[in-house]
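Listed next: structures, encoded as structure tokens.
In the two complexes below, chain A is the common chain; its partner is chain B in one and chain C in the other.
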Partner chain A sequence: MRSINMAKRFGKLLTVFVLAVFAALTVAPLFFLACGSLMGNGELNEYLGPFLIRTDGFAGWRLFPLYPTLRNAVRLFFDSPEFFHMFWNTMAITGGILGGQFLFGLPAAWGLARYPVPGRKVFYMLCILLMMLPFQVTMLSEYLVLDHLGLLDSLWSIILPGAFSTFSVFVMYRFFCGIPEELLESARIDGAGELKIFFLIGLRLGASGILSALVLQFLECFSMIEQPLVFLQTKSRMPLSLYLPEVKADRMGFALCCSFVALLPPVLVFGMGQQYLEQGIMAGAVKE
Partner chain B sequence: MGKLGKAFTFLLAVMLLLTAISRAAASFTVAQVRVEQPEARRIVHTVNGDGIIEKMDERPVYAPADVLVADVRVKEGQAVKKGDVLALLDMDSINEKINSVSDEIEELRLLNQAIAAREQEDAREKSKATGRAKEDYDNTLSDGKAQEQEADERVEDAKQKVKEAKEQAKKQEQEAYEQKSEELAKAVDAAKKEYETVVGQEKDALLLAKRALEDASKEPSESYDIERIRLEITQKQRRINELYRSMWEGEGSIASVNDQIAALQTEIASLQLQLKELTDVAMEQKKEREQAIERAKEDYDSTAETWAKLVNEAKQKWDDAQLKLDEFLESGEDAAEDPAVQAAKEALKDARLQRQEQARLQEEKERQAKRAVEDSSKTGLKDNSAAVNQLAIERKERQLALLMKERKNGGKIIAEVDGTVTQVQLIVGQKSMDTAAFLMSDTSGGMSFTTQISKEDAVYVMTGDPVTLKSGDQVCEELTVLSTETNEDETVKVTVYVPKDTFTLGAYAFMELAKQSEEYGITIPVSAVHTENERNFVYVMEPEETVLGGSFVALRTEVTVAEKNGMYAAVTDSSLTEESQIIIDSDQMISAGETVRLQEE
Partner chain C sequence: MSPSRKRRKAAGLLFLLPGFFGIAVFYLIPFGDVVRRSFVQAAGGRFCGVSNYRTVFGNTAFLLAAKNTVRFVLVCLPLLLLLSLLLALLVNGLGNKLKTVCKSAFLLPMAIPAASVVLLWQLMFDLHGFVNGLLGLVEIAPVDWMNTKAAFAVLVFSYIWKNLGYSIVLWLAGLASVPESVYEAAQIDGAGRVACFFKITLPLMKPMIFTIVVLSLLNSFKVFREAYLVSGNYPQEDIYLLQHLFNNWFLDLSVDKMAAGSVLLALVIGGFVWILQRSWEEEG
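Up next is the complex of A and B:
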């Protein structure tokens, strides 16, 4: 008995150890980002020189900065209006897309889930198809459409296609399907209209689904790269995701600092919507 | 959700605040500039000078030189009024002269261009020649080094050989050395012994001689015979005396006493004879002894001398032997050298000589190569014919201007003031001279103003140019430059004619002369032109699209300044257009590519 216990305990320890190693590997980049943003350019060039400016030797890294400095942060906060300009561009794009999805995707999902209109299945399949197509496939056609509408090189060229993305419709659809039909029936019998049912019952019971869809969309919108790169020309309309690649090798510390600050909003949003996110991902994963 | 939501809201608020702050900060750090567009202008050069208003007696009237005189209308002593025609020049001749002077100017210009081209070519050739000479010099150096090394090696070899030969010879030498030193030591010993014997003998001889001298000088003891005889004589004398007394006292018989006295006297006489004989002998002996002493002394002296000589000789011999030994010991191996070593040394000497000779030759060669480099890199006498030509061009241009003025006047030479002609230099039918055409005494009471200006300024001043004079509150415009004259110290004396009743005599006045250049298409304020490494450039503000929207950057544009005064610079040979926004002023230092913004009014 005792040896079996010992073996079990050892197995457990081994598992924890292996997992800890992988966890550390996963977290390492984040850690490097955090301490790299506190390093001076000289120190960073020393570590990353072989990679950035092709000096001899190998790139290395130090766990903690040798000479911690807030210079990068000060420069970012007080001397880089571009960063904030682009941050607000990103926020505008993200807000526009999320608002659009709330306005159009939510009713679409509710309708699909609750009303047996003819062609519903076909429409649903179409949604899934659109969701599955990667951006690169629809890029050219989207470009042509936006060109015809005269929306190219404006924020709307990013917001509109995003607002009508079918992914959130799909996620919310799964949640709305989970509301029992009997509940709605009894509401109808009690005299509630369809709008009342949607606002009082649908929105409340499907709240977790809606939130998870919005959190997922937020995370995607915040790091959008291809769409702005293709549809935007004017520099002043570029989002933050295009600012970071502009930072050159000689300002590596500054770049790391920018990345660190740009990481904050998604982390907070993720923290807020974590519980709904899990449900949402589950909803997407489990088939009826 | 609640806490994180608050954090998110807080983050957004902070971002908003920082947006405002960074915008405000950026507006402070961006340089504010003032811009101006280039304009077409003439560059005005003003020449200033101050001086005193003086009295003027005679003033010259100039005519262009080398032009045919058609008519002279005044005579010496004739009074003329301002505006009267003094002489008439031939128009054809003027035109011809204008053409020829223009041609000459053109020719000189072409010549200057050719000179510039040739100088460039020469410079290229020179640099090539210098390069070659340098190469030769380097070759010589490296050759010399190689040879030097070889010679050094030879010397080293010879040294080695000498060393070896020496080592070999050393053994033999060692033996020879020991033998020799032994021999020498023996010789020294022998000499010493000889010396010692000589010294010993000397001592003996000297002793003998000394003894002989002592012996000779010893007093002989025989002299008491004389004393005895003297004593006997004295006794006998006493006896006679006693006999005489006894005779006197009557004792004995006188006869016997007389007999006795006579006997005694005879005895005394014989004794006296004996004494004399003895004394003579003693004297003789004394003389002999003295002579003997003299001789012994002589003998001693000569012996001492002889022996001293001998001793000295022996000493000398000993010393010589000792010296030889010492020399031999001191000179060591060099004293007797092996022929092999001698030969090796000879070889070494030769090698050294060769090396020296070679070094000398090399030095000579290097010096020559170096001289060649120096000669080839010598810039030579700067050919200043271009500058001379330039001066000639300027002179001819002035001449041309005078001719043009004369053509405009229709060939008339006009009196500028009232006065009397005092001298006429023009002759009808002949060409005008390079001097003043007329001299006029000024009866109008005209005065002159004289000032000194720098050579640089003098370029803009020409006879006949309009000038403004100021003295106190008085201003007099449209006065003319009478003459310019270059002084020895390279300043230029400018004389201006001052009419009567304008200024008071002796007043201090200030001259202003403005000369306009030809019109330049693009002129910019001088403050906009920056210089770095002797190159002029300007910053041009151009729009640029940035993340924050349209903004401006300062771009650097190289320019060539053709002419400038204190205010404006005429720019040629640049990409500036009349629309270029040239930065003329900035509140911060700016560098190429920097973001700038317009200064708010």
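Up next is the complex of A and C:
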């Protein structure tokens, strides 16, 4: 009996140990950037010397900064207008895309989920296909239409196609399908119009689906590389994701600080919306 | 048809229309144009049958990129699925509080923009970088990660780091969908934990496994971000993916090749989506 207990306890310890190792590996980059942005240039030069000036040996690191300093952070916040310029570009793109999806994708998902619309199945399949296609497949067609509309090299060239991306339609659709039909029926019997049902029942009971879609889309917007890379030319219109790689390694402390500040908004959204993120991921896999 | 049903049909169409209009303008109509362009010459616009497709299949860059992309998927998918299943099984045995902590940790990379980790990737995989420093501790000679065949391993690592949490969450959902009572019955019959896993859990999760495979496959295209940010338009030969190729075709304005390539890729992906849809229908 005792040895079984011992084995069980050992198994549990091993589980926790393995998980802790992997969890530490996935979290390490965040930790690294946080530390790096608090390190002074002198300290960084000392650790990263072999990387920066190609001397012998290897770059090293300290778990915590020996002499924490906010110098790079101060420089970033008070003396780097270009960082904020690009930061606001990213925010404008994100806001535009999320707003568009709220205005167009949300009603579309509701209509698709709750009404006997002709061609419903075809449209649903189309949504899934479009959301699965990698950007490279639709790159040429998006370029052609944006060129035609004269929108290339403006933030709209990123916002408009993004606003109509079908991914969020799909996520919201899955959640809207879960609302029981009896609720809608009884509201109709009480004389509620379709618009009222949408606002009072759809928006309220589908709220977690809407949030899931928005959280997933927010994270996507902050990582966006492919679209701005091909549709934008003017430097001042670039989002943060294309600015960061330009901050050269010879300003290592500043570069680390920029990288860290740039990940704060999505990590913050992740922290607040993790449950919605999980639900959104599962919406693609679990039949309700 | 009853008048109320007719009215509801109209209401549904009104909800759907604005979104559908945008999708048609930005995706459907222009893609139709791309399909048309894939059958005409880029210069002059004369119909040329499948000659664009022939050019694509005869293009060495395309063959290299296609080979690399397939190889990447064939290495990454099994690795990601096995590792995430293993971790999901471990996480599943934890109490609720630890479970949440673990999920947060594994999902975090999804929230970190590719551009923010590029610097760290460079520091790690440089000839004088962290990884070689650690390898030096166990007397392994340094590797020039980004400029040799090892670049492939960096890409695989990057993909797994980013997608581990996503797959774990999916596996956990699958594990939770197996009713507890099935396990209890099996235990009464004297089945061990390993037998339970292979005889009950895996078979019951079969439709789920399929979904996870397809979703992970489609996510694998996004690995281009890290690859591009770390090594630009022309990376080490082994990690030159279809995504790089399309980007370079775009820069060269090779509209004919791009059009044919887009249609081909869309057909392949469409095939996967069709399979996925079939498995969903079986499930439901």
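Criterion: the second predicted complex is superposed on the first by the 278 of 288 C-alpha atoms of A that agree within 3 Å, B and C clash if a C-alpha of one lies under 4 Å from a C-alpha of the other, contacts with A are read in each partner's own complex, and residues count from 1 in each chain.
Definition applied: a residue touches a chain if its C-beta (ideal position, glycine included) is under 8 Å from a C-beta of that chain, and two chains touch if they have at least 3 such contacts.
Treat the numbers as computed from the prediction; the structure is a model and nothing was measured.
Chemist: Does the chain A-based superposition show chain B and chain C clashing or fitting?
Modeler: These partners fit in the superposed model.
Chemist: Once both structures are overlaid, what angle do chain B and chain C make about chain A, taking C-alpha centres and a multiple of 10 degrees?
Modeler: 100
Chemist: Have a look at where A:L183 lands relative to chain B and chain C in the superposition and call it first, second, both or neither.
Modeler: neither
Chemist: Is A:G57 contacted by the first partner chain B, the second partner chain C, both or neither?
Modeler: It touches chain C, and chain B stays clear.
Chemist: What is the contact status of A:L229 with respect to chain B (first) and chain C (second): first, second, both, or neither?
Modeler: Only chain C is touched by A:L229; chain B is not.
Chemist: Identify the partner contact of A:M86: answer first if only chain B is touched, second if only chain C is, both if each is, neither if none is.
Modeler: First partner only.
Chemist: Which holds for A:M272: it touches chain B only (first), chain C only (second), both, or neither?
Modeler: first
Chemist: Check the residue A:V27 against both partner chains and state whether it touches chain B (first), chain C (second), both, or neither.
Modeler: In the superposition, A:V27 touches chain C alone.
Chemist: Of chain B and chain C, which one touches more residues of chain A?
Modeler: Larger number of chain A residues touched: C.
Chemist: Quick one: is A:Y143 in contact with chain B, with chain C, with both, or with neither? Answer first, second, both or neither.
Modeler: Touch partner of A:Y143: chain C, not chain B.
Chemist: Under the stated touch criterion, which partner chain does A:F78 make contact with: chain B (first), chain C (second), both, or neither?
Modeler: first
Chemist: Which value in Å is the smallest Cα separation between chain B and chain C when the structures are fitted on chain A?
Modeler: Between chain B and chain C, the shortest C-alpha distance works out to 15 Å.
Chemist: Residue overlap on chain A between the chain B contact set and the chain C contact set?
Modeler: 243, 269
Chemist: Okay, in this complex, where on chain C does chain A touch?
Modeler: Contact set of chain C toward chain A: 4-5, 7-9, 11-16, 18-20, 22-23, 25-31, 33-34, 37, 87, 90-91, 93-94, 98, 101-120, 122-123, 126, 128-130, 132-133, 136, 142, 161, 164-166, 169-170, 173-174, 177, 208, 211-212, 215, 218, 221-222, 224-225, 228-229, 242-243, 246-247, 250, 255, 258-259, 262, 265-266, 269-270, 272-273, 276-277, 280, 283-284.
Chemist: How about chain A: which of its residues touch chain B in the complex?
Modeler: Of all residues in chain A, those touching chain B are 77-88, 91, 234-236, 238, 243, 264-265, 268-269, 271-272.
Chemist: Inside the complex, what are the residues of chain A that reach chain C?
Modeler: Checking each residue of chain A against chain C gives 12, 15-16, 18-19, 22-27, 29-30, 32-33, 48, 50-51, 54-55, 57-61, 100, 103-105, 107-112, 114-118, 123, 125-126, 128-130, 132-145, 160-161, 163-164, 166, 169, 188, 194, 198, 219, 222-223, 225-226, 229-230, 240-245, 249, 255-256, 259-260, 262-263, 266-267, 269-270, 274, 277-278, 281-282, 284-287.
Chemist: Taking the touch rule as given, give the residues of chain B at its contact with chain A in the complex, in rising order.
Modeler: The contact residues of chain B facing chain A are 1, 4-5, 7-8, 11-12, 15, 18-19, 21-23, 25-26, 29, 545-549.
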